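Across the two complexes that follow, chain A remains constant while its partner is chain B and subsequently chain C.
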Partner chain A sequence: MIFNRLDILTPEELERIVDTSCSMLEQAGFRFEWDFALNLMREHGCKVDMDAQMVWIPRRLVMEALEKMHPLAAPQEYPKLFWAPWIGMKFIDHKTQQPRSGTLQDCKNIINVVNHLENVSVSSTGVVPQDVDNRLPDLYMAELLFKYSEKIFTTWTFTVDTCRDIVEMALAVTGGEKELKESAIINYLAEPVSPLKLSRHSLEIIKLYGEMNQAINMGSMVQVGTTGPATLAGSVALQLAEDLASLAYLYCLGSQSPVSLGGPMQVADLKNGNCLYAPPELPLIHLGIVACAHHLGYLSGCTSGLTETNYPDFQNGWDRGMSMILLWAAGSEALGMRGQIGAGQGFSLDELALENEMGGMMMKLSQGISVNDDTLALDIIESVGIGGSYSKLDHTNKHFGEYWKPELFSHEAFEEYWANYKHLALRAHEKVERILESYSLELQIPQDVADEIDRIRDRRIERLKG
Partner chain B sequence: MIFRKLKILSDEEMMKIVEGAFRILKNTGCRFDDEKCMDELEKQGCNVNRDLLVARFSEEIIFDALDNMASLTPLDDRPKARVASATARKILDYKTKKMRPGLARDVRDVILLCNNLKNITMASAGVMASDVPEGAIEVYNTGILFKYSEKLFNQWITDPDSVEAVFEIAKIITGSEERLSELKILSCMLDSTSPLTYLKGRLKIAREYARLNLPVAICAAPQTGVTAPASLAGCLVLCVAEMLAGLVWLRALDTKSPVALGHLAARTDPVKGRRLSATPEHTLMNLGAHQIIRYLGYTAGISGFSSDSCDFDLQMGWEKAVSGVLSWAAGCDMLGRAGMIADGFSIEQLALEDEVLDMLYRVGEGCVVDDDALALEVVKKVGPGGNFLAERHTLSHARDFWTPKIFSRKNYSQWTAEGKKTVADTAHEKVSEIISKKSLSLQIPEDKAKAIDEIVGKRIEKLGGSLKGGDAL
Partner chain C sequence: MELFEKIKDSIIEMDEDKAGELVRKALADGIPPMDILGKGLVAGIEIVGERFKADELFLPEVMASAKAFKKGFELISPRLKETNYTPRARVLIGSVEGDIHDIGKNIVISLLQGNGYEVYDAGVDVSPSKFVELAQQLKPNILGMSALLTTTMAKMQDTVKSLEEAGLRGSIKVIVGGSCVSAEFAAQISADAYGENAGDAVGIVKNLTSI
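What follows is the complex of A and B.
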């Protein structure tokens, strides 16, 4: 297999973008909204204006950070990418199909379903629960994932206090600091505020995760036309500049955290200011940032594979397919925001089930064409000869067994399909129903560790009450 | 832009498949169901068995054909591919969601649509009109396409008895046989019957086209596990062997026909035995075949934008994206089957494919990387925490962005308030509007159109039908 070959930028163009990103950090500067970070950057040779909270990062420091930091390891299993669910505020109600606020029970259902979708490789709670203390949803989300997820997971960390609690939960799960540092079971999306700014809470969280060597995904959210230039190359350069500023900060902290570059870049509809989820410009900027990350020796992830539609129709499949396939063919190691539907309308379990089906197809594509004596089948072609049939051969039966088999997609003939008509949306819905009816969440950690996680959560609740 | 780099076979793997095809042609050979071919191929140096009508090929003969047969010139405006509208027996009635036999009026509608859909680069008649006598359909379609199509078109001829009339029509357009030969406005498909057979009728048609040096697309369409090995590499070996056998035969005709090689293989549904055209295995074979064809030095045609879905649902969009985007990204020159849904034609599907091609071509334009696009000065001016919305630079690029014509960007509330219209509903409205508001106009002089009608009319009359003036049935 020779994938990772879809390049949209020449080496010279990539160099120009990297050069521009470095110039942005040297000339435009970067705002670090925390005195600790400002002092740290000054100690490492940056020009700093404490009053304005501005840092001008020299190219030398960026290059040093790129050389010394460790890239996150690429997934080894087909389709060789992290396939991670979205986390939104709204949930598409499984019964009514109407968007509503997410609940703790939705989070549990989503974890349960993700546990049983073989192609969704990373878990999340899918939604931010709105039926808990609004200062603590991120803590409840982490608690559920630590206890019930069978897979590695990603979650939001809204506050520094929650970050401390999550690290403590991770320590309880792994058994101690040494074990946690070696296991890297939690991760953080370091999200600068575009353009060119890191808030204090992000800087503190990066420090806390960085000290424990947990994975940090450098991913700002430049929006083409509003928080970034309206030109694609300019926004890619800005995004990369923000990723590199975060990387330089992590390097100055002396962290051993594995790192990836990339992020959920966006495109604004300049007619009305709406955020667009599936314009053709989006995979282009994502392809650009992935190419830059690879050029610099780092893994990359993005949020392509989204749709503007509210229903699993042709556009939904095309929107997702075009961008996802392009990014995958270009070698992006992570595709986030799975389960999202309708211009950020909400998280839908039915959509996630459909994307799991797509993932199965991509996995088969990733395996490519096997070329060996058995698959070339020269002896068989010669023995069947001219005008013969391959239907009843052992070779045929064996290879038929290797073909991809859809669970939700239809391979029926036209008349048969319409005679037994059941829309794909309903087929996906029924699959989710089957999972929820057949499986219940089970603790994935020993009871005493789960008790410790509960204790950390309850302690925080008590503190807030106090 | 550096597209055309998507490869799924290593050079070594590709060579194994090509060498496998050479071995099959040397040891097993290929059947040409026409004694005349035996003379032609023997003269070319093949070892022929006249009783079995089988020719076997040495490496030298194959290399000679590869060295001397010209390739059809690919498009130069990369990364665009030549996208051809399909032709089927049936057409989808959008309102009833039922297939019905195609009619002559559908042919006119499809040509009208092709004229108005800018990304469908090759027109077709869309359907085989069932209200035209069977043996005259291909002649009728060719006549109508020459009269009304504003674009190059595809109308494969499968009935050898139609060739003479089709050439007569083309000669009316070009003025003479010599000019037809020069202008090459007709082409034919020489498709094998797997495994390893070329049927007499197809050979007869291709011989006529080759005589006038018209382009020939040599296509292999085996079905895994039925007429080809179930393993993908084995199926590709068989495809390549069949294409090369066809190429050597054309070489034996001493023609100057430019050649394209086409891969139309399908994966089988192991349970029902049906041909499937949008499985991951099918896409992999398409990509592998395309890579090999390019390696052999020829323009490649494959059935991109395929789907096995019978509905305008997510499966269809996803499958069309997987097969079409990968084929396009790999640099495929020709993508066929536009407008197909299941085994029928759909005008709504054709409009949707025009829309997605528009989107894909925007991706193909890539990112401009120059001082203005990198926008360093603008970033410095805006600075940390600023906003680009009010910048002149933003205004000057505000029109650079792609705008959908059919796809929706409505949020949930708007979509619900407007009746939850699907994208296929919007496509249906768009094609209905084109058909109701626009009309076909003659693309050739009146006298030539009249002469074409006479040829078509004669063919129809010969088979028991009649034209009621002009091209009306």
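What follows is the complex of A and C.
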């Protein structure tokens, strides 16, 4: 089960935030940078200014969209902990521990490692490869995931053209349009440009995925203090407004895509305008947006468990743990993005291995406490009686296997620990090396489908040359 | 002079109204605009810059000081044109073609204006040919380009090439920035500098132009 015990906002406060978000869409309006989208919204009763590319969305339409769109499938169709690797530009080379641009081989290694980390439930390529044509890295990323990921995956879609290609690849994998529409094999993070803008390419991509009923995660990225107000409530309301604008658009398209509300909100470092990755304000705003999503009947994802540090030290553990536990306790269905280090300076396989360890604990927490005759163990307690021991019992033997056991984290006694000292970072690194040495990527789809994916990719490359 | 100190303090104290009021008084008192600029406005903004560099101030504070500076500068600007005043470097800045993100660019603009640089905002989604057209028209010392998407980074290289083809590259220094850009990429496309974050802008422009 997923817990939902932590509520930092009252229902009245949530209603006020929702009301504020709707007021934004009615009064401030939203920029849709595509005439098709503007005309569509006008047909559904919105006031539109074509020259200014502005739309004002009535709350009636927002409420209708919320009521009639489909929340993203519940945990029975997604893992209990939607736990996907972060995707960034740089890779922390796990041999040299130095940052460099990500490569296609790094993507393959990351998929390989993720395939064999038991607590990372969703795959991605971890980095955007920089050794390919930078007009279509997303196509290469999707190709690798379709071919080699043993888990469901999330990828990025950067352009309308590559979106069409990725959809075509998905059609090849699933076997046809009907099958694709029933599968939700691919997904899109619909990310407006804050504040209050949706670019043409995002609108087109939402339409393309929406036509195929693929999952769309409404995921604005308001940055508190720069693209959103410096006050947390205001930024949460703005984030929700941007999510709702995308949702209203998708609804007007007539899409059956399952959706979630949320998104990778950020807090600005007002020393330099960059993003902060682990201030306490970050879990607060994510708790806010998760609460809003749940209040409106939708599943939610957030970014949590991130760190500012460049090394697995005390701060790293605290940064990650603080936000992860809070968002888990609030019932966030997705807790992304794993494997990043140094406030998004790079993706690290060693960090991912450490977070896999965390993931084991999180999975255990998610199981909660099972209450039944066997687990209450009244008959066992009565039979052991006063001052007895439970350690030799069949009941203990039956149940101790359910405990979480560490693989990387230390449980040694003081003397043993120092006699056999090996830093946690090194233990994680060795695990990564073991996986990469022991396993190779194996094709997860039939060869003819892989060939078709290659053909789609090569066709795009040829078109770009032309 | 006490009035210069007060003008300087109004910048440091981020008081736009006071800066305006004091500059008007200084002009009415017949104080040369170059002195108002150098001994009052610039003196204040330089202290702000030093404090920002020393991590004593945050961006919103620097930008508030920049607003106060801009207010004062706008009041003396018509009088400066009557003298042989040469502005600090002229900067043309925009987000590249295909990119509509502008928050970093806008912070840079505020910081540069607040330090007395002449800044022309080309806006967002600016094509290489548009950058060249504006460069021919405005003759900037610096061209700043911002890109937040990997798919738009290539337009930075296209713009640099376009400047070369137009015979402008030798007279314009190019600075690139944005979350997907790196020092490595900047070197690859032969840009003159890379700004890791918006706060670096003033220092980089100063280094490149020695102004």
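As a convention for this text, the second predicted complex is superposed on the first by the 461 of 466 C-alpha atoms of A that agree within 3 Å, B and C clash if a C-alpha of one lies under 4 Å from a C-alpha of the other, contacts with A are read in each partner's own complex, and residues count from 1 in each chain.
By definition in this document, a residue touches a chain if its C-beta (ideal position, glycine included) is under 8 Å from a C-beta of that chain, and two chains touch if they have at least 3 such contacts.
On a predicted model such as this, the values are computed, not experimentally measured, just so you know.
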Inset, instruction - Quick one: classify A:158 as touching chain B (first), chain C (second), both or neither. - result: second
Legend entry - chain A residues touched - chain C or chain B, whichever exceeds: B
Inset, instruction - Quick one: classify A:197 as touching chain B (first), chain C (second), both or neither. - result: both
Inset, instruction - Kindly classify A:27 by the partners it touches after superposition: chain B alone (first), chain C alone (second), both, or neither? - result: first
Inset, instruction - Go through the superposed model and pick first if A:89 touches only chain B, second if only chain C, both, or neither. - result: second
Inset, instruction - Considering only touches as defined above, state whether A:343 meets chain B (first), chain C (second), both or neither. - result: first
Inset, instruction - State whether A:101 touches chain B only (first), chain C only (second), both chains, or neither. - result: second
Legend entry - Touching partner for A:7 - first (chain B), second (chain C), both, neither: first
Legend entry - Contacts of A:134 with chain B and chain C, given as first, second, both or neither: second
Legend entry - Which superposed partner A:390 touches (first chain B, second chain C, both, neither): first
Inset, instruction - Would you mind listing the overlap between the chain B footprint and the chain C footprint on chain A? - result: 193, 197, 225-227, 230, 270, 273-274
Legend entry - chain A - residues contacting chain B, complex: 1-3, 5-10, 13, 16-17, 20, 23-24, 27-31, 54, 99, 193, 195-197, 225-234, 236-238, 241, 267, 269-270, 273-274, 276, 279-281, 283-285, 288, 308-322, 324-326, 329, 342-343, 345, 354, 358, 361-362, 364-365, 368-372, 374-378, 380-382, 384-391, 393, 395-401, 403-404, 408-415, 417-418, 423-425
Inset, instruction - Show which residues of chain C lie in contact with chain A when the two form their complex. - result: 55, 58-60, 98, 100-101, 103-104, 107, 149-151, 153-154, 180, 182, 184, 197-200
Inset, instruction - Spell out the residues on chain B that touch chain A in their complex, using ranges where they run on. - result: 1-3, 5-10, 13, 16-17, 20, 23-24, 27-31, 52, 54, 97-99, 195-197, 224-234, 236-238, 241, 267-270, 272, 274, 276, 279-281, 283-285, 288, 308-322, 325-326, 329, 342-344, 352, 356, 359-360, 362-363, 366-370, 372-376, 378-380, 382-389, 391, 393-394, 396-398, 400-402, 407-412, 415-416, 420, 422-424
Legend entry - Partner chain C, residues of chain A touching it in the complex: 33, 89-90, 101, 128, 134-135, 137, 158-159, 193-194, 197, 199, 201, 223, 225-227, 230, 270-274
